[in-house]
Each structure stands twice: as structure tokens, then as C-alpha cells.
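Okay, structure first, notes after.
A, B and C are the chain letters, set down in written order, and residue numbers restart from 1 in every chain.
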Amino acid sequence: MNQASVSHACAAVLRRDLTLAWRRRGDIAMPVLYALIVATLFPFALGPEDALLQRIAGGVVLVTVLLAMLLALDAMFRSDIEDGSLEQLVLAPQPLALMLGMKILAHWLTTALPLIVIAPLLAGMLHLPMAVMGVLLLALLLATPMLSLLGAMLVALTAGTRRSGMLLALMLLPLCVPVVIFAAGAVAAAQQGLPWIAPIAWLGAALALALVLAPLACATALRIALDA
Amino acid sequence: MSRWIPLWLHKLGSPPIFYRFAGALRPWFLGLALIAGAVALYGGLVLAPADYQQGDAYRIIFIHVPSAWMGLFVYGVMAVASFIALVWRIKLAEAVAMESAPIGAAFTFITLVTGSLWGKPMWGTWWTWDARLTSELVLLFLYLGVIGLYHAFEDRRQGARAAAFLAIVGIINVPIVHFSVNWWNTLHQGSTVRILGPSKISGDMLWPLLTMMVATKLYYVASLFGRVRADLLELEGGKDWVRRIATGEVVPGEQA
Amino acid sequence: MTSAHPIPLLQAHGLSFLRADEPVFGPLDFVLHTGEIALVEGDNGSGKTTLLRLLAGLLHVGEGELRWRGKGWNRDERAGEVLFLGHQLGLKMDMSPRENLRVAAGLHGQREGCGTSSVLVDVGLAGYEDEPVRRLSAGQKKRAALARLLLLPAVLWLLDEPYANLDRAGIALVNRLLEAHVAEGGAALVTTHGAVSFHGGEPKRIRMHG
């Protein structure tokens, strides 16, 4: 009898989720398309004036990415709940928090990473200065994992309910206010030529904390949500 | 003496005993809340002098400030009850946590409305992205999230546990939101108008404020007792003690 | 005396589960030793699935007491010893039976001398190993899930309606798996509507009352 090692289990979960995402590549493209559409609508609504677009570009890209992630968040555990894989994962003799951490990582790689890749394109469409692009990407690299982690915890809480889309947005809003503030704050500061390292450092600190705590909270939430 | 307190708390945690206890105390709390509220309003609206800067408009603080305090206080109570509910699975704690949420949301809503009523003559606009106002708005969303999650589950006790978990996550979030909104505010605009100066409140204004604070607390307890009683009847619908109340029998111990 | 009555694998005293304060199944007493199969019998809605989910560790113990190998009901005590096969098979539709088994083995480990290929042949999926599960019939999906029982190490099997969707050969397969498992010193709780016959004698029966 060979007990599975934790690293094997992590690799198995990560590989499974990435394989599944790859076999449904179309779903990966959806949030990217959504972000493109939203970012395109802004100039139509506000007028093509360069200075205005330039001023709001950072915030628009951040909020757009956040909304696109929210769209994909709902699906994080849904298929696993429907086919019973989540039960098997919960019952496996492995630390559940770590396994969920792998699922969150896979989700981040398949939804947030493509969004980060097209973020310069979105920002370019809104005339964000090239010099600020680096800060925007850095802010996104720190903010999107936060959203994945916090979102996963909330999705786990709603795992036992039927309707969850709108509820998820309602629950996520208070949690992501600080993330948006610091991420957008860093971009705004960089744009004004002010030091932007402080908000980025705060984001990094929050991310370090969330990396440890959110999977644990997610595991607890999931056990509560499945227990009925 | 100290040995009796846990036993007493344990007994109080049982739904039928709490039902009777809360039923007996509720009118007193409600009565005291009304009296204290009336006294505070008289003191605040009639006795207290007008502010030399703001005139009579400042008088809304006698509603606004106690509501704001209660919004946070009730959230604290909810989080503590949620923690107890999650760790020890006590039904009464679940009921207290879940019935606190709408009351707290109402207080927060009152805070927002009175804040914007006051803001209209003071700032010339009914809404401004002031740090405190924004924090209050986020607090309201936290409450709404808890209420929404609670009602999304078919099994009420499971919903209560999930929402309790969210409430605990929220209490960690409240200071973070406050800190970040403050930071954001200093980044984007200058200093904001303060409703209360740090130290220049006179005694004539202070005592109605504190009385109103006591009144809102008493009202909260009375309202909570009523809601939890109704909740317990519903949760324990099949139990003997509820059936006895429903059929009009005298609950044993009540005639004593 | 103690050697004749070794510590049972699973003991339940007055076990019940409450949903909205109503017991889903009544107080239940049973004992399960290694080398035993127990059939959980009862009408629809009598709480058979709930009992299995509770024993798997998905639900909390409502009232009463459960003991595992004579000790308390603790998740760490049971880690890796229980396998649960529910109504939902826990198979990913976009992956093949072989890939599904590899994930399960990654999570649970695998038995000595077992491979994914041989196990899939044993459950009668030869030739379908690399077909996506969504293209398999309901019975074949069930067999793909049953392959987990052969591959993964566990003492207690909790099988919820293992005979559903299976043809006669499939039913015989489940019985064969159960007999082999019991002969190796395993134990199983099985919910079923139909009559079951074992070569290895009468199984234990647990009656559920709604």
C-alpha cells in the first residue's frame, strides 16, 4: 500500500485542473473577450478625448479585470460540485487547504494570467503612458491573486446554494475595496510622478497574508457549505 | 459565585429558557429605550445650544452619531455570536448573530441617510466620497452580504453557519477598509469636514448624545430579543415547548 | 474473550442526523467488523445516502456517538482508510477513465501491485481506457468509478447504490469486488434496493426507519 505524498497530490490536482481548462480553451477566452468589450465601451461613453482617457486608464483597466475575474469566479467549484469531484477532494487523505490552494492557483493561471497578458493592450487603447505600464502590471500581478484567493473563499461559502452569481458580487465588494484602492492608487501615483512603492508594498504584504490564510478559510468554508 | 456564571449561561443558552427570559425582559428594555430616547431628543433638540458655525443643522448628530456607533457595535456583537455559533454550534448564538444583521444594517442605513441629509446644507451635496461615509457604505454591503448568504441556503442552520463565517471574515475586513479608505482619501483630496471637532463638544451637547447612545443600545437589545424569540419558535417548531405555547398551555415555571 | 471480539472497525450508538432539527434517520445502532459487509436497507427518503455521507465525513454527527477502531470519530484517525462512492461518481467528463484514475491515485495513493491499465481491464473497460468519460454509457461510467475501489487502498468502502445502471455482468462485478475486499480483511457498507447474494454467506443488514 502506497500512501500518496502531499507533493504528488498537489501535482495531480494542479495537472487535472490545467488539463481540463486546456480541453475547454474556449472558456479561457471568455473573460478576455469580456474585458476587451468593457474597455472598448468606455471611450464610446466618455468621448475619445485623449487626456480624459489617459487619466482614467489605470482605474478602468483594473476594474475591468476585476469584473472579468468575477465572471469566471462562479465556475471555480461548480463543475466539481456537479460531478462529485469536490466530495472526493474533500475526502482525500490530504490537507484540504493545500489542495484548494492548488485549485486556486490553476484558476489564477487560467483566468487572471490571460487578463494580465492583454492588460497592456487595454491600457494602450486608453492611452496609458508607457512609463506607467510597468506599475500597472505589477499592481495587477499582486491584485489578481488576492481576488482569486478571496473569491475562492466566498465561492466555497456559496457551494451549497443554488443561485450565487449576484450574491458573490455583493460579498466580494467589501473585500476587494482595499485591493482596488491600493492597486489603482499605485498606478495613479506613478502617473503623477509620485512614489508608488508604498501601496505596492501594502498589496504585497496583504497578498502574503492571504496566501497563507485564504486557503485555510476556503477549506473551512467548504466543509461548512457541504455539511447538509 | 464564579462557578455559577457558566452554569447560568449554559441554562440561558437553551431555547425555552431564553424564550421566557427574553420575553420577560423585552418590555422593560423597550420602555427604557423609549424614555431614554425621548429625554435625549428633548435635550438635543431643545435644550442644547445651537452651534456657532453650523446653526441648528448640527442637531442631526443626535441621531447620526449614535446610529454610526451602533452600526459598528452590532457588527461586533454579530461577529462574537458568529464565532460562538461556529465553534460550539449553539443554536441561540446562531439566532443572535443572524437576527443582529438586519438591525445593524438598519442602523448603518440610518447613518448613511442622516449623513447625507446633514451633508446637503453643509457640503452642498448629499453624497461625498468622504472616508467615513465610504466606510459606512462598505459596512452596509458587509451586512447585506451576510443577510443575503443566510437566505441563500435552504437549510437555515447551515445558512446561519455560512453567514457566520462571512461575518467573521468581515470583522477582519472592517479595519482594513477603514485604513485603506483613509489612505485613498488623503491621496485624492484634502482634509474633509468633520462632523465633530476633536474636543470642542460642550457638556450641553454631550449628555443628550450619551443618553441617545444608551437608548439605541436598549432598543437594540429589545429588538434583538423579539426577533430571536420569533426565530427560536420557528427553528424549534416541532419541539414540545413550542407546541405547548401554540396550544395555549401554561409553560411550566411561568406561573411561579 | 477479547480475541473472539476484536475491536470493531466502526461502532454507532444512537446515531442520528438532524436537518432543520428534524432527524433524517432515527437513532441507529450497529457494529461493523473488518471482514464484514453491511447492507443498508430502507425506503426512498429513509436516509441511506445521508448515513453514508455522514460516515464518509462529509456531514457532522447530529446526535449519538460514532467510534472508529474503538477510538473517537476523528478525521485524522480515518485518513486514507475510507473510500466513498456516491450518486455523483466524481469523474471528470472531459478526461478519460485512465486520467481520472491517475488523479485519484495521486490523491489517495495506490495499492501494491495494481496499475491503472490492469484495473480498468478488470472492471471491463478494456478498449475504453482513453475515451473521454462523457462518451461512455451510464454503466461504463459506473465501472470507471468502480475501478477506483480496486486501485486505491482503503479498509472501509461506503458504496451508495453501487448496482444502479449496471447490467447483470456489472452486478456480478460489484459482488466479486466486495467478496475480494472482505476476504482481504476489508469492510463495506452498501445501500441497495435490490436483493443481493453473496457466496461468502449472509451479509449484515442495517434497517433504516424514516
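In this text, a contact is a pair of C-beta atoms (placed from the backbone, for glycine too) under 8 Å apart; a residue touches a chain by one contact, two chains touch by 3 or more.
Computed from a predicted structure; not experimentally measured.
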Chain centroid nearest the full-protein CA centroid: A
Between A-C and B-C, the pair joined by more C-beta contacts: A-C
Centroid comparison with chain A (C-alpha atoms), farthest chain: C
Separation of mean Cα positions, chain B and chain A [Å, integer]: 33
Chain centre separation in whole Å, for chain C relative to chain B (CA means): 48
Rounded Å distance between chain A and chain C, as computed from the means of their C-alpha atoms: 37
Residue numbers of chain A (touch at least two other chains): 227-228
Residues of chain C touching at least two other chains: 19
Sequence positions of chain B contacting 2 or more other chains: 155
Contacting residues of chain C [partner chain B, same complex]: 19-22
Complex contacts: residues of chain B adjacent to chain C: 155-157, 235-239
Chain C residues touching chain A - in the complex, by the definition given at the top: 19, 56-60, 79-80, 82, 84, 86-95, 99, 102-112, 153
In the complex, chain A residues that touch chain C: 1-4, 8-9, 11-13, 15-16, 19-20, 23-24, 82-85, 87-94, 99, 226-228
Contact set on chain B toward chain A in their complex: 86, 138-139, 141-142, 144-145, 148-149, 152-153, 155, 158, 161-162, 165-166, 169-170, 173, 176-177, 179-181, 183-184, 187
